[in-house]
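Take this structure first; my questions come after.
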Amino acid sequence: MSQPIRVLVTGGTFDKEYDELSGRLFFRDTHLPEMLRRGRCRLDLAVEPLMMKDSLDMSEADRRAVVERCRGCPEARVLITHGTDTMADTARALHGAAPGKTIVLTGAMIPYAFGSSDGLFNLGSALSFAQVLPPGVYVAMNGRFFPGDRVRKDRSTGIFEELS
Amino acid sequence: MSQPIRVLVTGGTFDKEYDELSGRLFFRDTHLPEMLRRGRCRLDLAVEPLMMKDSLDMSEADRRAVVERCRGCPEARVLITHGTDTMADTARALHGAAPGKTIVLTGAMIPYAFGSSDGLFNLGSALSFAQVLPPGVYVAMNGRFFPGDRVRKDRSTGIFEELS
Amino acid sequence: MSQPIRVLVTGGTFDKEYDELSGRLFFRDTHLPEMLRRGRCRLDLAVEPLMMKDSLDMSEADRRAVVERCRGCPEARVLITHGTDTMADTARALHGAAPGKTIVLTGAMIPYAFGSSDGLFNLGSALSFAQVLPPGVYVAMNGRFFPGDRVRKDRSTGIFEELS
Amino acid sequence: MSQPIRVLVTGGTFDKEYDELSGRLFFRDTHLPEMLRRGRCRLDLAVEPLMMKDSLDMSEADRRAVVERCRGCPEARVLITHGTDTMADTARALHGAAPGKTIVLTGAMIPYAFGSSDGLFNLGSALSFAQVLPPGVYVAMNGRFFPGDRVRKDRSTGIFEELS
């Protein structure tokens, strides 16, 4: 039987939508449940929206809330959906904060609501890494996983890379 | 640096398209490269189309060709895209055939060319399992992984389950 | 104020879906209401499903039912969604059958449920022609309108053309 | 045979894309050719990009350029793709400017690049009205056509309505 995974939703490009009246991108509800249905996902998941924020707008208090929730939730495996811009910062804040737990952060470069999103690929990837990687903090992007304390997003290409 | 993965394409629902002249589903080229681009995948992959078949039409010779290629390819990690109907049969045929290699089979319930496909989720999942699972044969579907010799698809629900 | 339009649904590629258990295309409910919502359509429409059939499976009785409904409905303007293969046959059967009414047939080459469907384009086109063309029977496909008694679908290209 | 139609592209929501590096919406190339292919459109069209602008950013000079091009192009039928926010303003500027020509403006509430766009519906509708309406200036939105000098967009609902 698969082990339970806590899914903490923080917003990010993943969940952005287009507001047809203002012409701006905004957050409404998370698309996670719809994405999991589409992936015919049969894992034992507890989806918990923590906040709906562009990761550039996350404060230190927001980041602490994420850390606290990872520490406090009963599950030993945690997936965090997160904006890509400061994903590496949150990963670093989580480093060493929840010993014995496997924590995986993922996000998307294109909103799921757009036809061409990478979100479904990343979600499938991150949930899989969350099941089998040993305790630690990881970023799952570009089909790969990175150690949470040695990863950065290259802003000019949008690609994640491991710091040496 | 990520380890190289051989991706063997055999067809399946994954790659089916709609023929607007005949009104039937058919195979043309594999969608794998487009799906990998959309997932912004940065793994070291060698994509190799072996055949383009509905898995109900796979012969014993087809299945032997898959086994031979898994054995013969230089990579220690292999992903096979496959129709879901006989995926478990091919997994069983692979059991014990390529010792020391991690082989993951995946597919889709809905063609990728349809808006609502689960293919991108499954591809992200299978590529992730292929990187971290120990040597053996696995089926990656529904966000989970199953031992290749103890899995079946429930035809009435389309869900994969582990045999006890 | 816009005049009321009767929309008769007969099935066709428009409304086909993919059955993920059998791997076959089938009919369930019509997608017309969803398509009209997506087009933000504000016309005074009465949508009436008459049958859900591949137009190759339409019998003479089916065709008579369409003719009767066009004659009997209270609206002076009628849109018929129809499979493309025998759309020209039904158009011919309607010729002269409902004097004083503007009747437009349309369909799709690709099911709406597939990302790449032409259905939304054709629906917008047909509804517009239905509002402004004088009484008569027309086929609306490929952005054009054709007289219902002088049109055929070129089976080798899928394109509609006017008979001279 | 269908009469030639000039298609003037000015940008608008129709053509907006998501910039995955900045997280902002922007313009690159027009999606018109792809949309026409998807609609299997067989009209005699001359597509001409005039500018790529959010209609809130259109200047008086921009609007004059549109009027001049409508007047100067050889075709008697013109389609203009335009942002919805000031579409009614441009329609008014065109009023009486090109006697003998049928000019239709259309746009979209959701970018075509998003899965849920109304753009394809509106394009099919506007091209159809452009073929059959008598000389004059019209806005084609919500499946309807409006006289260009008596139309406004209700900003609170996004719906177009005729002024009495």
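Should a chain be cited, it is by its letter among A, B, C and D, assigned in written order, with residues numbered from 1 in that chain.
To be clear about the criterion, a residue touches a chain if its C-beta (ideal position, glycine included) is under 8 Å from a C-beta of that chain, and two chains touch if they have at least 3 such contacts.
Since the structure is predicted, the reported quantities are computational estimates derived from the model, not experimental observations.
Common neighbours of chain B and chain C under the contact definition above are absent. Once the centre of each chain is set as its mean CA position, chain A and chain B turn out to be 26 Å apart. Once the centre of each chain is set as its mean CA position, chain A and chain D turn out to be 39 Å apart. Remark: chain A and chain C have CA centroids separated by 45 Å (rounded to whole angstrom). Within chain B, contacts with two or more other chains are made by residues 109, 115-116, 158. Touching pairs of chains, sorted by label, consist of A-B, A-D, B-C, C-D.
Chain contact summary for the complex, chain C toward chain B: residues 13, 18, 20-21, 23, 25, 54, 85, 109-111, 113-116, 155-158. Across the complex, chain C meets chain D through its residues 2, 35-36, 38-43, 109, 115-118, 120-129, 131-133, 140-145, 158-160.
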